[in-house]
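Take a look at the following structure, please.
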Amino acid sequence: MLNISNINSFYGEVQVLKDVSLHVDQGEIVTLIGANAAGKSTLISCISRTVKSFTGEIQFEGKTISNLRPDQIVDLGLVQIPEGRLLFPKLTVRENLELGSYNKNSRGNRKERLEYVYELLPRLKERSNQLAGSLSGGESQMCAIGRGLMANPKLLMFDEPSLGLAPIVVSEVMKLIRNIAKDGMTVLLVEQNVRQSLKLADRAYVLENGRIIMEGKGRDLLESPEVKKAYLGI
Amino acid sequence: MINKLLSKNNSVLWIIALASIIVPFFLPNRYFQDIAVMTFLWAGLACSWNLYSGYCNRLSIGHAAYLGIGAYSSTLLYVNFGISPWIGMLAGGAISAVAALIIGGTTLRLKGTFFVLSTIAFAEILKVMTITSKDITKGALGVFIPYEPGFSNMIWASKIPYAFLTWIYMIIVLLICVKMERSKLGYSLIAVGENQEAAENLGVNSSRTMLIAFVMSAVLTSFGGTIYAQYIMFIEPTSVMSLMNSINFILLAITGGMGTAFGPMVGSFILTPISNLLRGYLSSVSGLHTFVLGLILIAILLFRPDGILPQLKLFFNGLIKKSKATKGV
Amino acid sequence: GGGGNGGEGGTDSEPFKVGAIYPLSGANALLGNQCLTAVKIAVDMVNEAGGVHGRQVQLIEADAPDPTAATTEAGRLVDQQGVEIIFGSLASGNAIAIAGVTERTGVSLVESGGVADALTDSGFKNVFRILDKGSLRGATGANYVGTAIADMLGIAPSDLRVAIIHEESSYGTSVADGAEAKAIELGMNVVAREHYATTITDMSALVLKINEAKPDVLLSVNYINDAILLVDTLKQYNAVPKVFMGLGAGTTDPNFAATIGADSDGFFCTDMPTNLPLDVFKDEEMRATVSAFREAFLEQYPDLLNVSIAAEAAFAGAYTFMTEILPNAETLDPESIREAALTTKLDMTTLGFGWDLGDDGQNYAASANINQWQGGEVVTIYPEKLKNGDVINVPLPIASE
Amino acid sequence: MLLKIDSVTKKFGGLSAVSDVSFELEEGKILGLIGPNGAGKTTLFNCINGTLPITEGTITFNGEQISGKKSYQIARLGIARSYQVTQPFGNMTTLQNAMVGAFCKTKSYNEAESIGLNALKTVQLDHKAEIVAKHLNLGERKKLEIAKALSTQPKLLLLDEVMAGLTSTEVQDMVKIIREINATGITIIIIEHIMEAIMSLSERIIVLNFGKKIMEGTPDEVSNDQRVIEAYFGVDEGDEEYA
Amino acid sequence: MEQILQVFISGIFSGGVYALVSVGLALIFGIIGLVNFAHGEYLMLAMYFAYWMYNIIGLDPYQSLLINLAVMAIIGYLTYKIIMERVLEADHSIQIILTLALSMVLQNLALMLWKADYRNIRIDMTTDTTHIGFLTLSTPRVVAFVIAIGASVLLYMFLQKTYTGAAMRAVAQNGKAAQLMGINLKRTYGLAFTIGITLVGLAGLLLSPIYPAFPLVGSNFSTLAFIVVVIGGLTSIPGAIMGGLLIGVVESFAGYFAGPAYQQAAYFLLFILVLIFKPNGLFGRS
């Protein structure tokens, strides 16, 4: 479904991604783990085209998308839930969600999407008229996920959804991702929370210093001694 | 003292600043010397502006007010009471300090754009006050300084003493800026400009820091105002305190590089001669010279948004590297 | 630059350089450019007639939107270009700044625009002003109100309510000062005095306030744009006083009547003589000069109905100085020029008044006329010798009540 | 007692973000502060260091009442904090960032430079001393937060989620750094959602929920407390859940 | 009392035009975060354009409304494309200087091309008055007021009720996030800038029967517009409208009670008072 080949990306003179290739198939949960500053967010941003300084080829459903605008990518059904949530603080929760369905293919059935999201995340319904800026950390993350779902994406990319969340919320978020995937959505998950995300994933990639150094089934990687040492501190 | 200030990055710029005083001696006539005087004066003024606005990254578009206070204080003392402008300059500085305390006290806590626009408001109010307080300031008629050359009158027949005076003014302001850059005040000021709350949490008294810098900036500007008045020998509110003058401070500082000690100087060294020469030689089509100046500015900003100084530094660093490389071989 | 298309003069010496400094950009650009055009025409005429002391005149122009620029540009003309005379400068502030430069170098400044008293009261040696002082102009207008108009209205001067409005630059201020002093001297009731910035965009409050004071006569110093806005607003609020006495600048501008239309009939304007009929000039030669100038000027400003007073003054200053004063100077050094300027007496210049400078460089033969708009034309009412029409519409038919 | 929090309440409009919280802290200790998102942990920090005025209660530091003082005054008395959302002075170098803090206690440029450099060394950031702070990555920014705070030479250090976004291995590094800092005699309060870190560092832990202190105890006591499990840890549903 | 009411009402009506000039400025600042110091120069361009339409083709400003707005929209869009788009990410100070330079360029371009002459449009309505009870109102100002308020309300509805409006508000708060919602960032910025310029164009048009066009006419209004916008809270459209009316009234009262020389000082003083007591403007959120 998503095919990335030989991506090299630069910030100024610093090379952040080095020859990265990966693919995500229809219906999968694929996770990308890696230390801080490994380049995970950069990779996601290359896919979304909010980072433009890269070379290489990105294909989505067989079409090359590496020269489209960010909004065109969203229109194709490839949506990112960004690191740090990036809500619209002065809009209400509901307005935030509605903006999620701004793109062409979800505008039409905004009502149903909203129902769906409220059903999946009842907390948001309670808060629908609150300004997003005053939500707590966990609620903000819920809102960001809900907003991503509103776009009715074919492939949803999560960038560190568990960052700064209380353990109980982290579990909730992980469950949520699993449920979304069960509903038929494809997921690319970027996480620092290696243990939980590997448990969740069908397949996983390990990114280190901008290079993919390992790939395999989630469970297998969880057992691998390198991963244990490098990311789990065991 | 000077030795310590000659830090490695700035040595080339110090050389340029110090050496620039020889330029007026090589200029063919008073016209070009006049431009040199204006260049030094505006370099000093822009550096004074930079002392607060540049380092703290909060633009004041009202510095013409302090220029005006400096010009009017010394001139009125001189014309009415025969007090030497050298003393008037200090008086102007004191009045500016008071004005800056009042204005700063009310506006420094304002955020970004609110602050920027409030500075315009204060300058305009001061201008209106100057126009309407006819009994003291002669209002719109302006004040004319009789031509009586003499050191104590700060009036000379030749341009050279003015060039010295404005150059010394510029150097003093530069020294103060460079000294401040490497001091607690400088660090605090830059930090406040970057993130006020975070700075406070590191023990920076942000309002005090800003106020001190703001007052220093106003006082230094007003010294320049006195020199300006003694040089032009005529001041009137609408031209001295004009918005255009306020804007000129910023034009020079940003063109050269805001928030660096030498940036405003570089800006003035480039823009002041250019704008004067453009006006001198493009007057046959009215408006052409300002039009061209505007285009030049737009071009600079679109292609070199950090100002010219960083570019210049890169250039010099390149030179230094090259010379080292050749030596190595 | 103009000048020097060579030809019959056969002058082999260097050209005689003169400068012109006017605000060609910025807020005063409109009149500044007209003045420059007028000076250019004067230079062309002089050159046609063989130049000055047999030398062709070369004009070098400069733009000075403010006094600082005026200083620098005066320096350029004097020190870089070597001009001997500067024509200028419209704005009094610029004139004073230029005088600062010319004073140190002995170059003459022939001023035909700035009216501030300070220019000739400050002891400058090389400043020669052909037109009247601001205070005198204000006084002339106020005097006419106190003497003639009070009579026409049948109100004793001491019962006459006058209001003064002026724009707040040095021009407006100095003229209004003169007017107020005279009005008080004549015992009139000055019921209001207000000033405003020319950038004003709405005069409702001003008009309402002035109207409150119920003036019979409004003495008004404006530039053109604000003059029109003022009259429009007076009309809207039905607050036109019995007599409107404009004091120069905007109210004498041909655009004033052209824009306001028939309602301008009866508005007074005190100014230098303007657009005088040719027959007032003293001889055929002068008539030819004036008409040639007017023609040449209007050719370049086809939209204008008449030559503006600022341009007429600029022409008169330059032309008179080059054709009447300089020939009387033995040589073209500052001393002789000054002597010629002060000793030459003329009973008429192209402005309609004479040339008779005091030691201060002020032309004491200059005096303002009392004019009135009639049918879109400026008609001179006073002084008697220039008079070419009778007063109409006192009080104004559109006056309130 | 180095720090004494006495019935502190902080209200935002109707919302009590911190409500009636009291505790004491001895010199030299590390205190953990946990609780669900929005429990009021960061707000409590903001109250202690004077960023926010408190609504009720008193805070005493080193025997001196500090509630009501401005944050720069409190910083000078010896309380420093790091930000959950890092707040570097983006256009200054890493060293200059630290020096801003160092000027809190000295006027001398050279002294400030050496204090700053030391702080950077402590957090292992000295190799980036000349890098402009906006170019640092998240982990480095977190370290810079600590270095800035350290360079004010505090007695009490408030650390707000300095480990969020780090992998376990990096977390262990950071734990070491914090221990070292503590070993120099600096008292620490630490907020963290990463259990492996907070459990191993803290001697005592305070749990906040809806602004109230619901529990105070040793790591063991806290992790076995039913209220805390319900409110914070969640019931461990085991591995199978994700399959 | 009647007189005071008259002063008040004439203030309100001149405030309508200020509001319209300011609304465009507030929109551009609110959405793009760009302080446009060249705003007044677009007012000038529109006034010149209205003048030519009247003088050459014989259409009065109300007849040439649509074509004038279209031209202003094109000019606005071109400015955005050629200049503004390149500095969207630049520092505030760069943007300020850039727009200042742009204003120098436009003012002097006008001077070069069209001379410094004042270009008046005299239509019958120019000096017409409308009477309501004992109140006298200048008819063109009444028209300007009504259209200004109407246009501002339309703009507000547009922002609140349409997809594109929502996109603009989103972009204003977080450009990157908006992009991730599928919003075309640059196009939205371009649209906001274009609408802002079109609105100031409308203001110029409505002003043209009462005020002449000349190269510096913009500067007579732009400082004022900034004051209005700040009083209104910088980014708030209703704030700009209320700010405009407020300034109109203050100016009017100051002119009447203290004298026209103090009009400017009065609104600057009001401005400072507002900032002292409400540092984020009357309608601004902290």
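Order as written gives the chain letters A, B, C, D and E; numbering starts at 1 within each chain.
Note that in this section a residue touches a chain if its C-beta (ideal position, glycine included) is under 8 Å from a C-beta of that chain, and two chains touch if they have at least 3 such contacts.
This one's a predicted model, so the numbers in the text were calculated from it and none came from an experiment.
Listing every chain that touches chain A and chain D alike gives an empty result.
Of all chains, A has its CA centroid at the greatest distance from the CA centroid of chain B. When chain centres are defined as mean Cα coordinates, D lies farthest from chain E.
Centroids built from CA atoms put chain C at 76 Å from chain A.
Look at where the CA atoms of chain A average out and do the same for chain E: the two points lie 43 Å apart.
Inter-chain spacing, taken between the CA centroids of chain B and chain C, is 37 Å.
Each chain gets one centre point, the mean of its Cα atoms, and the points for chain D and chain E are 48 Å apart.
Among all residues of chain A, none touch two or more other chains. The set of chain E residues touching two or more other chains comprises 108, 111, 116, 215, 219, 261, 264. In chain C, the residues that reach two or more other chains under the touch definition are 25, 29, 32-33, 168. The chain pairs satisfying the stated touch condition come to A-D, A-E, B-C, B-D, B-E, C-E. Residues 3, 6-7, 10-11, 14, 108, 111, 115-118, 120, 122, 126-127, 129, 136, 138, 210-212, 214-216, 219-221, 224, 248, 251-257, 259-261, 263-264 of chain E touch chain C in their complex.
Put simply, chain C touches chain B in their complex at residues 1, 24-25, 29, 32-33, 61-63, 66-69, 71-73, 75-76, 78-80, 92-93, 96-97, 100, 103-104, 116, 118, 122-123, 168-170, 172-174. Of all residues in chain A, those touching chain E in their complex are 48, 50, 69-71, 74-75, 79-80, 82, 86-91, 95, 98-100, 102-104, 107, 147, 151.
Chain A makes touch with chain D in their complex at residues 33-37, 135-139, 160, 163-172, 174-175, 178, 192, 194-196, 199-200, 229-234. Every residue of chain D that touches chain A in the complex is listed here, in rising order: 34-38, 84, 137-140, 161, 164-172, 193, 195-196, 231-234, 237, 239, 241-243.
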